[in-house]
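For reference, the structures are reproduced in the following blocks.
Here chain A shows up in two complexes: once beside chain B, once beside chain C.
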Partner chain A sequence: MAVETAARLPPAIAADHARARRARRRRNELLRHLALAAITFVLVAPFYYVFLASLKNATEIFSYPPKLLPFPPYLGNYEKLLFHTGFLRWMFNTLFVAGSVTTLKIFLDSMAGYALAKVDMTGKKVVFMAMLILLMVPIGALIVPLWSLMSSIGLIDTYAALILPPLANPLGAILMRQFILGLPKDLDNAARLDGLSEFGIYWRIVLPLIKPGLVVLAVIIFTDQFMSFIWPLIATTSDDLQVLTVGVAALRAHGGANYGLWSASAVMSLIPVGVFFFVLQRQFLARSLAGALKQ
Partner chain B sequence: MSAIPAIELIDVGKHYGAVSVLSGINLSIAEGEFMALLGPSGCGKSTLLKLIAGLEELSEGEIYVGGRLANYLKPSDRDVAMVFQNYALYPHMTVRENIGFPLKMSGLAKDAVRGKVEDAASFLQLGAQLDRFPDELSGGQRQRVALGRAVVRQPLAFLMDEPLSNLDALLRVEMRTELVRLHKRVGRTTIYVTHDQVEAMTMANRIVLMHKGVIQQVGTPAEVYSRPANTFVATFVGSPTMNLFKGRIESGGNGRKFVGPFELPLNGMGTKLADGPATLGIRPEKVQIAGADTSHALTGTVELVERVGADSFIVAQLGGGTSVNARVDAATEIKEGDLVAITLPAGALCLFDAEGIAVEEGT
Partner chain C sequence: MVESGVTAMAGTAGRLRLSPAEHRRLARKARLKRELTGWMFLGPMFLCFLLFLVIPVCGTVWWSLQTGNIVGGTHFVGFDNFAQLPDTVGAGSAIANTLIFAVISVPLILVGALAVALVLARIEHGGSIYRFLVYFPVLVPGVVAALIWLFLTNIDFGLFNNLRKAFGLDPITWLSADNALGLLAVLDVWRNVGYWAMFFVAAIIGLPTELYQAAELDGASVWARFRYLTLPLLRRIIFFAVIVSTIWGLQVFDTALVLTNGGPGTATTTVIYRVWLFVFQSNNKVGFASAISLVLIVVILALTLVQMRLLRDRRGID
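Coming up: the complex of A and B.
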């Protein structure tokens, strides 16, 4: 209808209308970009500030006006962090613990999720409800009994103390159950007719199809472990087993107010998480279910 | 053809707690036969297929596949292949991998798998699609891949669960022909679940008509159509459905007659049926719109004329709220409001007892 009306307008007026529409569109676009730029600034500015601080010496950090591009950059903070603190050891411990927990948990949670979603067994609903209820228990309420348990079996101040407790978190199994429930039952039936065992169906059919879900879970677990502080602080006592969060916090306690060093540790701590995201985001493009079913 | 049935079901039943889904299923399917399981949604036909495949646990009865008791056999050991309503192709595998997967699982050598997959693909015209993924194929191609995955195993029987139900009308007709051709070529027993009576009538050697978990009738398409075992079969098969008139059988001075919305001498029909409630049935194409001088002639007013190409569907009111559907040649000149003479030829009538069970078959 609108097209018909426009077609009947004299050419000069129609051209005016078109110009006005273009101007309005440009104005809206400009407003959108300004809003996005403001949000980006709010998000990026703290990181940039920390990054800048890590490249300045103690006096430059507090100089006014602040230098937005320090040149030449001061690398002393990084040198001190890497060669005069236990940072590399903390990083190794963190990556080892977070990597182990992520790997084990992906495997265990996806198997538990498969059982909860696909296997007929008595008491399945009760188990699932218990897992949901467990989610509501705050970690603070578990710290003391968990410490007593680990202490009684002699695992305090070991890697096992850092790796085993997070494996019991039911969130991953619940997430995996939801992902696997989305897979059509005919797929497992087809696999059963093709001669696959229950584990074969899980391994060869279900796991490849829930890859995007596994990536989401891996990111959640890895970042959670990477940032975990309270439990590693309580469960370990020796310096050799300290993880990044505990070690960096200790820098503040022992090293005095060295903002440059703290900033450098923050920047270095971000690198593994950044790499992890960068590598896994490609996996989000993994083949989805498209084509499995009639559409 | 071997004397042992390819598949035999004896008193098969399935229930979930107190809810009975299937009961008293007895069926024998010969080797090479194309058997259609027909019935409305929820009648238990897909469940029956899954019981045969071993994908559902049997509650009672025995299932024999190739003469072997299959009750406790794993699905993969039953020597059956299934084509699912949703294709159930593995989306992360190529067409080649999908078709070859059951062979790979059976431990066949790689070269043999490759050869068999290529043979099946060439027969199903999938040669150019072998390295594509399911999401890169059209609906018809995906259907053929699903068939290929079943065919390549060379099983004793194919189980097909409404494989054409989601294809568009044109493709469905095309695939129907392909399926019949495939059955003729491989000659394997096929059990085909459908709720589409046209599919069942055109493809199957025999039809099993099911309702509420119970077999209503087993017979050739012609038998099921012209000699329905009960009023459910009479109304489920055929479009428009069979005309059914409720009434009574009465004996009088002029012999026995049907008394309902109209009176009709039975002329020797229904001798096994005692006087009492009964239902009279006749297929619409057997109803004759003819002159008033023919026997059994009734009069009615034409209420509706639907022209559907070669034929016309006519709904005529007989009075008292009773109407009769007729299917006549499109050339018949009848228009709405016409008063017409209606003949129900004796040989085409079906008679059902008070429970709706057929007592005298039409022809």
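Coming up: the complex of A and C.
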């Protein structure tokens, strides 16, 4: 319709209109850039401020006006963090626990999703309903029964205590069910007629087809695990089993105000997140969409 | 190939002419096999779900009727814990703090996220770098985020006070008893606005463009298009976001522990914080702890059910 109206106008005026429209579009795009630049500046400035602090010694941190460029950088905070605290051990524990949970969940959830989507079995509806209802119950509200359960089977203060309870989260099974329901039915029917077993169908047909879903699931589980705090806090007591969040919180809680060390630990904690995020940007953003998928 | 397929089919068809009893027996066998396969696939996940989620939720009910110590043994007291909950030191303030926190943070997060999303969804070039930067705070663990905010709110060298000084204002105590909870909510906005912004961007991109073209031709202003098109079209999505972000807001704990230690006083002691204090710090009030946990669980379940209900109803109409 817009094109029709323009075509009926004298050419000179039509060209004018087009120019005005282009100018307006350019102006709006510029305004959007300005707005987004301002917002992202506010969101990112705290990171830069802490990064600066991590490269200052104890007196420089307190000086006003603050130095806005880190030259010459002071590396003592990082040296102290890496060689005089358990930071590297905490990082290893976090990566090990998050990696284990993610690997186990990928299989548990895709298998459960397969059963919920494809196998005609009794009790399926009830289980799925229970999963939907309990989906949002946080581990933080369950620390008393979880702790007493784990302690009664002697698992408190072990890696198993860190890895097992997060496996209960039903989000993955629900997502995988959704993904598998979206696959065409003919595929597994054909495979079944060709004599492939149920497990064969899951392993050789369904898993390869839902690979993008598995990557999104892995990212969701890994980041949630990376950020988890309250359960690791109470499930472990020995220093050797502290995960990153627990160790960093302990730095803050014990040994007085050591801003240099705190800032260095904040910066170092973000490195794995940054690297992982940079590599898997699209899948990370899909985390937000996982919520929408549930509908 | 085709021929052998046909013979195989014919063979099967021939064998299918069975006596009714035999047929029932085979059908039962096939069904049993199907059930077994199904539970073999579902079983491992279901077992974890049962052990570490269903049983603990039921366990919370049991614990909430006990009094004593989590390791020293307990005895049954019925509903005493719930009756005494309003008078228990710290329980009421924990619930109030958590509600105030959610009431401040959730609207700010969602209004902010919607505003960012409206701009971000329309940008033509360079959107990915903004998406990256807006989303980055989402991936910061609460403990680390709180550590970062120590550097913003510090009285002597914090970013906020340095900015005040730059404008000739006197430095103020940011984490005072009056401000701390609000500041904790603002921290939460900083961490979560990107999550919901990306969520809304995806929803906005999915909206039908014809409606907007028609509205533009009719001369509808930007505000009118937002008010009468975008908002109504996103109603369901926004409702979902309100419920889920409220549920998340009610769980606040790690930032309160690291940024303010629950203080000053009990100004930022939230529900989960209080549970943790009751059980694992000196208090040993495991019954009270479970009673408050149960209140939280019930509220979360109620919100979940409301959301499931409304999503289903709307789907029926659409």
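Criterion: the second predicted complex is superposed on the first by the 248 of 295 C-alpha atoms of A that agree within 3 Å, B and C clash if a C-alpha of one lies under 4 Å from a C-alpha of the other, contacts with A are read in each partner's own complex, and residues count from 1 in each chain.
Note that in this section a contact is a pair of C-beta atoms (placed from the backbone, for glycine too) under 8 Å apart; a residue touches a chain by one contact, two chains touch by 3 or more.
Nothing here was measured: the structure is a model prediction, and the numbers come from that model.
Enquirer: Of the partners chain B and chain C, which touch A:248 in the superposed model: first, second, both, neither?
Expert: The answer is second: A:248 touches chain C but not chain B.
Enquirer: Contacts for A:61 in the overlay, against chain B (first) and chain C (second): which applies, first, second, both or neither?
Expert: In the superposition, A:61 touches chain C alone.
Enquirer: For A:195 in the superposed arrangement: first (chain B), second (chain C), both or neither?
Expert: It touches chain B, and chain C stays clear.
Enquirer: A:103 contacts which: chain B (first), chain C (second), both, neither?
Expert: neither
Enquirer: Name the chain, either chain B or chain C, that contacts more residues of chain A.
Expert: C
Enquirer: Touch test for A:273: chain B only (first), chain C only (second), both, or neither?
Expert: second
Enquirer: Is there a shared patch on chain A that both chain B and chain C touch, and which residues make it up?
Expert: Of chain A, residues 287-289, 291-292, 295 contact chain B in one complex and chain C in the other.
Enquirer: Would you tell me which residues of chain B are touching chain A in their complex?
Expert: Residue positions touching the partner: 50, 53-55, 74-76, 80-82, 84-92, 101-102, 105-106, 133-137, 139, 142, 149, 166-167.
Enquirer: Taking the touch rule as given, give the residues of chain C at its contact with chain A in the complex, in rising order.
Expert: 34-35, 37-39, 41-42, 44-46, 48-49, 51-57, 59-60, 62-63, 70-71, 116, 119-120, 122-126, 128, 130-144, 147-152, 154, 156-157, 159, 162, 165-166, 190, 193-196, 198-199, 202-203, 213, 217, 236-237, 240, 244, 247, 251, 253-254, 257-258, 272, 275-276, 279-280, 286, 289-290, 293, 296-297, 300-301, 303-305, 308, 311
Enquirer: For chain A, which residues are in contact with chain C within the complex?
Expert: 1-2, 28-29, 32-33, 35-36, 39-40, 43-47, 49-50, 53, 61-66, 107-109, 111-112, 114-116, 119-122, 124, 127, 130-138, 140-149, 151, 164-165, 167-170, 173, 198-199, 202, 223, 226-227, 229-230, 233-234, 244-246, 248-249, 252, 259, 262-263, 265-266, 269-270, 273-274, 277, 281, 284-285, 287-289, 291-292, 295
Enquirer: Across the complex, what residues on chain A touch chain B?
Expert: 184, 186-187, 189-196, 200, 205, 208-209, 287-295
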